[in-house]
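These notes open a run of structures that come right after.
Common to both upcoming complexes is chain A, partnered first by chain B, then by chain C.
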Partner chain A sequence: MTQSTDIDPQDASTPDRYAPRTGPLGLSRRTRARLTDLAIDAFLFAFGLLMILPLVFLVSNAFKTPQEMVAWPPRIIPEDPTLENFRSVLGDTPLLLWIWNSFSFAVLSMIAIVATSAIAGYVLAKFPFRSLHLLFLVILATAIVPFEVYMIPLYFQAQALGILNSIWGLLLGYLVMSFGIFLIRQNVMHAIPDELLEAARIDGAGEMWIFVFIVLPLLRGALGALAVLAFFQAWTSFAWPIIVATTRDAYTIEVGLALFQTGFTVDLGRLSAASAAVLVPSVTLFVILRRNFVQGVASTGMKE
Partner chain B sequence: MLRWKRWRFAMLAILPTLAIFAWVRMYPIVETLRLSLHQWDILSKNKPFIGLQNFRELFQDQLFLEALINTSAIAFGVLFITIPTALVISALIYHRTRSRFAGFYETTVFIPHIVSLVPAAMAWKWIFDANLGPLNGLLQSVGLPAQPWLFDPVLSVIAIIILCSWQALGYAVLIYLVGFKNLPVSLFEAAKLDGAGGIARFWYISVPMLKPITLYVSVVTLISAFNVYAQAFVLASDSQGAPGRQVRVLVLDMLENAFRNYRIGYAAAEAVILLAIVLLLTLVQFGLLREKGRR
Partner chain C sequence: MAVVEINDVRKLYGNVEAIKGVSVDVPAGAFVVLVGPSGCGKSTLLRMIAGLEDISGGTISIGGHVINDVEPKHRDIAMVFQNYALYPHMTVEQNMGFSLRFAKRSKAEIRQRVQEAARILGLSDYLDRYPRQLSGGQRQRVAMGRAIVRQPRVYLFDEPLSNLDAKLRVQMRAELKDLHARLRTTTIYVTHDQIEAMTMADRIVVMRDGVIEQAGAPLDLYDRPANLFVAGFIGSPAMNLLEGENDPASGTVGFGGGASLSHAVAGTPQGPIVYGFRPEHVELVGEGEGPAATVTNVEPTGLDTLLVADMNGHAVAAYLRQRLTVKPGDTVHIRVAPEHVHLFDTATEARIVPD
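For the complex of A and B:
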């Protein structure tokens, strides 16, 4: 459903009372529309480049020598590219360990959120019991409470379990996602007809069998979107990891970088190298998974 | 019999999720509310109930008030930059949906929203850097004086607003694009036949019809900006490690009270105020939506 910008043929044959056939510059309407579109394209192109320019420079700075770093104007392609920054960062910090911590935390969180959301979303959508409806309202109500509000008591729960400074401590905050449950519930309601489930029951299928072999395959798209969303949510988390992980070996990449940059002997070249090492894989992953991700985020706007 | 069987399955299936949910969501939320009415300094064993004493103290606490003002300034600053920009950019992207570059436009605007906070903030730190940052270089090359972006109390808040808006824009554009796609095409066709130009159609049709979306995006943007923390944390220190000016925001103040001053009850009271702000914003959103529906 695109908005037509060209003049359709029947429009051209009937005289238009309001819009003159030619514009102020003596150009036909069609030419003017073309020029407008071209100008819009140029503007959007420039705007898009401007949006990613800070990140482009970050990556380029990672390959610059200290001398080139202070040069004005800054160059996008380094004149004398060097890998020294990367070598030095990898020698100074357990960067790979931090990336591994973040990655395993994000993957575990993704699995937990997809599993809990899938089953809870299905049950809440297709089993019309009053107690479940009440439960759904509670989940919906807690969805708007920001994580920052309740993370202090949660910290003491992690402490009591003795899982501070570990992946499990990080995971504690990211086991469920209220929005995920909501998203799957909406999808089940729209995508899975009651008749299908009833037919399976009449054929003697057990409830568990129905869930695994009928419901889950039909939810592939929604679960994919949720998985990507959950992964990035954990991967980019900051406030929770910074209070739970306080030893150097337990840092996630976000926390590690944030604390590394407060060091007194750290220069921008090495900071950029460390940042680029994190940025490039996640942006690549995003570009590959863009459709899933956009679908997931766009559906957040659909909640009424 | 069948009904009972289905009920049993539903309960058994939801039980694990429910248990986790109660344990890591409901309990800590209730605990935050409870702790906010108590005095608990970690070291002391007893936690006396002190009613609203924490809240009374908070509103005389200069640091907290500073954090509240900074955070509100950041949140509304981000709102006033993001919403109009997102509306215009998404209208233009929607207008050029058929363009070969539509995917490029969407992706580039959205990338800042998904990149990790710390590396992204690092990029901006270099841009704002007083000595070698390109922003000051740019200012000087057009004859303006260089500014201490990350040291001046007002400029550092502005720097955070710019960084947060850059990140929030992608989300707003994405939601607006969904909104544009759901607008009735016939309305635009009719307006076009009546001779309404592109700008008139945008201003008199798109903007009013997208009002519910604007409301939703505004509230989401405000809420996430009220929870700003990583951006302030990273921008606060200079590139050479010299401490820059820490912009005090609510989450930072709360964590400092909890883990540096060991005043858990006091920090919980701050969390409750954060929650109250979020609830208020949500209620305003619902209120405005309902008002619109009645008309």
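For the complex of A and C:
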């Protein structure tokens, strides 16, 4: 990977033809390429380290005593590791309930968004009626309206429906994602040729069957990506849950974590422990779905 | 096997008439090729037979029943697409057995029919593979297998060989022809390649701009093109079509500068005319036996020679079954056997038929 093979080493013995092979620093092209690669590797490694370090400290802080937390210089491996933070967080706050609230909210939102995006995206891509095109433009237009603009009206709607402090209230703004519809529509147009659907129609398949057994499997990659996106959108959402969930038991984990910081203090130890615990499900989900991406991307089998 | 009757069929896209009243009869078991340049409406017509496009006017019937309003799946047809349209997430076996699943056939019967088709097409070793693991030619065979397995009344092919390389195309052409000889199922085949049409068809329908220019047996079209378009479209290398002045009294057409060639068509009009002859009907003769022409290009293939010469500003292609020593710049004298000459009306572009 670091060496170029386009020049036959034997040819290099004719000095007049291959004389200008050394660069300005008197290095051969091969050495220069290797140095460049090394520099890129070093840069990426440093950058990667920079990205992962806060996460490492978050986990490490979760196991530290309050004294060690403020010690300087900070240590990565705690000198006197303790589970006190976790015990306190799990004992004093309904952390597991909050995680469960967040998790069920995120999963239901993910399912709803994947389902609505798949259906709407497919229909918008493959059934070219003028009215549908107009509808698509309207859907795109909704993406430019910031959530904060309709947050309050939506709250009153949730109140009128009597679904405050419930998972249905949380879900109200998280059932459809205009970007998801757009993403799937583009994917269908790019990855699913009309002939595939026509062949199925001639062979006797119904529209529903075509959607479920041909379109959906071919969109696996895009739907997987959208699923992760939708899951984390709901999982990390904060503004909407904090308005719609007002009782302690209805909090999502993000709202719950915010409780560890007040106007005057930040309970670093317990915040770290809670955050570390929260990382577990999201990391797990990502690891599971990552394999799906690769499979999905690698399975476009039509004529190139 | 079924008769397909296309009766005055029209297709409108908004106000644009893509197909302007086309009638074709496809006898049971025939192999009919729709051929024409892109945009001539041949694929649209095929898709109307398949039920993928609505029929704006006229009727199409299969086996005596008008199928204008019949769903594609109830027309009992099988279609092979240019890009194969294989389901990427299904194996070869699943792809081929796909239609039978909807026909509610038993698993054993599906398996048996798929294996039979795979044997015919030489795909037996590939049944567990996915389309992406196959070469272009193999994918094309799977697409054909999917059609065969159905045992439909009519096969529809939409430029099935266009995505293959030249060598494979020739091979698949022979296989398709062989397959048709064996199955004897009515076949309608769309292509823009006149060689495919000539080599495979029982009957060729030449289309242009939504109308039929001529329909008939391949060699009939070759020997008696009905108009200038068909004359230029069928045959490779293409027919020479030179504009000249006809003199019916002497049976010759003059091309200026004293150059003239004779024909054997009686009752032709005096004046401008298009004089057509195929490159293989050109002979090189001695000085004084025919008009002179300057060689501009020589293409030897080893077996034969294609020569292009300039006769008073008219390019003449000659296809000679011999090796020649002429080179560009040389002067040759040409003769065309009068019985092989086609004459066309300059205004109507129609063939002038001797009365």
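Throughout what follows, the second predicted complex is superposed on the first by the 238 of 304 C-alpha atoms of A that agree within 3 Å, B and C clash if a C-alpha of one lies under 4 Å from a C-alpha of the other, contacts with A are read in each partner's own complex, and residues count from 1 in each chain.
In the analysis below, a contact is a pair of C-beta atoms (placed from the backbone, for glycine too) under 8 Å apart; a residue touches a chain by one contact, two chains touch by 3 or more.
The model shown is predicted, which means the values in this text are computed figures rather than measured ones.
In the superposed model, B is the one of chain B and chain C that contacts more residues of chain A. In the superposition on chain A, contact of A:A39 is made with neither chain B nor chain C. Judged by the touch definition given at the top, the superposed model places A:L218 against chain C, while chain B stays out of reach.
In the superposed model, A:G204 lies in contact with chain C only, and not with chain B. When the two complexes are overlaid on their common chain A, residue A:V278 makes contact with chain B while staying clear of chain C. Shared-chain residue A:L137: touches no atom of chain B or chain C. Looking at the shared chain after the overlay, A:L196 reaches chain C, while chain B stays out of its contact range. When both complexes are overlaid on chain A, the residue A:P73 reaches chain B alone and has no touch with chain C. Once chain A of one complex is fitted onto chain A of the other, the partner contacts of A:Y150 are limited to chain B, with no touch recorded for chain C.
Shared contact residues on chain A (touching chain B in one structure, chain C in the other): 300-302. Only residues 5-7, 9-10, 13-14, 16-18, 20-21, 23-29, 31-32, 35, 89, 92-99, 101, 104-112, 114-120, 122-127, 129, 131-132, 134, 137, 141, 166, 169, 171, 174-175, 177-179, 181, 185, 188-189, 194-195, 198, 213, 216-217, 220, 223, 226-227, 229-230, 233-234, 237, 239-241, 251, 254-255, 258-259, 264, 267-268, 271-272, 274-275, 278-279, 282 of chain B touch chain A when the two sit together in their complex.
Touching chain C in their complex are the following residues of chain A: 193, 195-196, 198-205, 214, 217-218, 299-303.
Looking at the complex, you find that chain A touches chain B at residues 1-5, 16-19, 36-37, 40-41, 43-45, 47-49, 51-52, 54-55, 57-58, 61, 69-70, 72-74, 112, 116, 119-120, 122-124, 127, 129, 132, 135, 138-139, 142, 144-154, 157, 172-173, 175-176, 178, 181, 207-208, 211, 232, 235-236, 238-239, 242-243, 253-254, 257-258, 261-268, 271-272, 275-276, 278-279, 282-283, 286-287, 290, 293-294, 297-298, 300-302. In the complex of the two chains, the chain C residues touching chain A come out as 50-52, 72-73, 75, 77-79, 81-89, 98-99, 102-103, 130-132, 136, 139, 146, 150, 163.
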